[in-house]
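You will see subunit A twice below: alongside subunit B first, and alongside subunit C after that.
This part shows the complex of A and B:
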């Protein structure tokens, strides 16, 4: 739930020294609020993660440009609902192999926190129906298959010994259409089958 | 065991996403909410989920969808799709209710009354638009509280 407001500089003022000011609004509350460190800034983004940390509220943000003595009107976002619109990052993936199997342990991603000192909240706590889409690719046969799991541990069985497999996992919440962000592809080789050495 | 509904939230959420910007842009009262996100819905106890779901489905079916006069056909189609999903949920809840009941505690009744009061205070065209714009709050609440698909 890292929520960053981005905008483009005014077309007509490219290269000019333009500064920007941002405000945000909590839907249902009374007034627009200032974002202290996004007042008269020259960058074109503003991190509103702390201001929108309560993912069960909805928010608006707006920005205006200032150049010399001129000031633009406010440009406002649509209504933003972190609970439904946040993009859920990939889980942590740990793999261990055997001759004919790979054990996968998944750890749900954590909620974004600006201050490392803040307590850690797992996305599993926010979305208790969080699921994972596990994709497996057999390098030798070039075959890919995937399966959807809820548990955090999974064993891929009946694999070929001494074969390289690549695994990639996405987290998702059923029912809520959002773009998924897959984990880094991890590849491991199953162990040699000891009995084959005896033949 | 509680009455819970299982419904394809994906289709419901996608229908809402299609009308979200158009509907929410027409809602000019940013400082008012009908469903009062945190105060009302989030404080509902598991035992009251069935009753509040039933009441809010009725709220949308009997008031919001009837009061809202939509001119654009593509938005009207999406609203109808959402209404059909709600109709299905109502039927599912009704069946379950006959077997397991769907008690309404005082809190659940109060929560529903707050929603109706907010709606009445704002007045029909605006209240209907705002309630449609807050469908995502209700959908997210259903998603969170009706995950166990026991019907």
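This part shows the complex of A and C:
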């Protein structure tokens, strides 16, 4: 839910001292609203995360350019719907192993917040049917398999002892397709089978 | 994959396909809607809908879309070359409504009040404006339906 408006400088004014002003609009409400710290700015982006934090609303944004005494007309975005269009980050993944299994604990990603002091909202609270796609890769056999998980713990059983396995996880919401963002690949080795040492 | 609207279960509808169908026409449709100060599927219509209400509400809404929105807007559909998306949405809405009707016994007052709020907002607008606005809000409708979608 980090929602940043980006734009390109006017072709004809590349290098000139152009400033920009941004406004945003909540669909279904009455008027355009100013974004205080995106008034007469020279950068070409504006973070509207706070203004679009209510993810069930839909929004428009617009920007205009000013150069000396000249002012462009407003350029407006299409209707933006955070609940449907946001990219959901990967969960936090914690792995623990023993000889023949790997325990995976997943923590849902948090909603983006501009101010660290703000209270944390888990994406699980926003998408109650949030699920995870867990991919597992056996380095030795070069075999990959994946599993769809609803709750936050998963135990991979019947693994080979003393073998390196890599795990990657994506969050997804059934029915609402959006580009996936997998977690960092994490690799762990299953423990030695103590009985094999005795033979 | 299935929808579970409280007591009503509908199998065999792929929600991602409906969203994709709408996505391809979203810009064309929403540009037609220049009364952005009005939202038909407003918060009071769709927020905190109980499971018990959900079956009745989705039935009323989809039936309205079929009998009023899609029916009266079909002339524009051809003009905007949106027939494939339009028929995907219409055929799936028709299928869902037919499945819902089988398991609905009696009226649900609170669901009906929500629907009447949507309908009264629709009726306050000029017909063509209301039709394009309703069509442009199909993403809101599908996203709400997504809360009842199970893999």
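As a convention for this text, the second predicted complex is superposed on the first by the 199 of 199 C-alpha atoms of A that agree within 3 Å, B and C clash if a C-alpha of one lies under 4 Å from a C-alpha of the other, contacts with A are read in each partner's own complex, and residues count from 1 in each chain.
Here, a residue touches a chain if its C-beta (ideal position, glycine included) is under 8 Å from a C-beta of that chain, and two chains touch if they have at least 3 such contacts.
None of these values were measured; they are calculated from a predicted model.
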Room on subunit A for both subunit B and subunit C (clash or fit): clash
Which of subunit B and subunit C A:59 touches, first, second, both or neither: neither
Which of subunit B and subunit C A:175 touches, first, second, both or neither: both
Which superposed partner A:29 touches (first subunit B, second subunit C, both, neither): both
First (subunit B), second (subunit C), both or neither touched by A:80: neither
Which of subunit B and subunit C A:148 touches, first, second, both or neither: second
Contacts of A:131 with subunit B and subunit C, given as first, second, both or neither: second
Residues on subunit A lying within both footprints (that of subunit B and that of subunit C): 25, 27-30, 56, 58, 60, 78-79, 81, 83-84, 128-129, 173-177
Subunit C to subunit A touching residues, read off their complex: 1, 15-16, 19-20, 26-27, 30-31, 36-39, 42-43, 47, 136, 139-140, 143, 146-147, 149-151
Residues of subunit A defined as touching subunit B within the complex: 25, 27-31, 54, 56-58, 60, 78-79, 81, 83-84, 128-129, 173-177
Subunit B to subunit A touching residues, read off their complex: 8-10, 12-14, 17, 20-21, 24-25, 30-33, 36-38, 42, 133, 136-137, 139-140, 143-144, 147
Complex contact set, residues of subunit A against subunit C: 25, 27-30, 56, 58, 60, 78-79, 81, 83-84, 128-129, 131, 148, 173-177
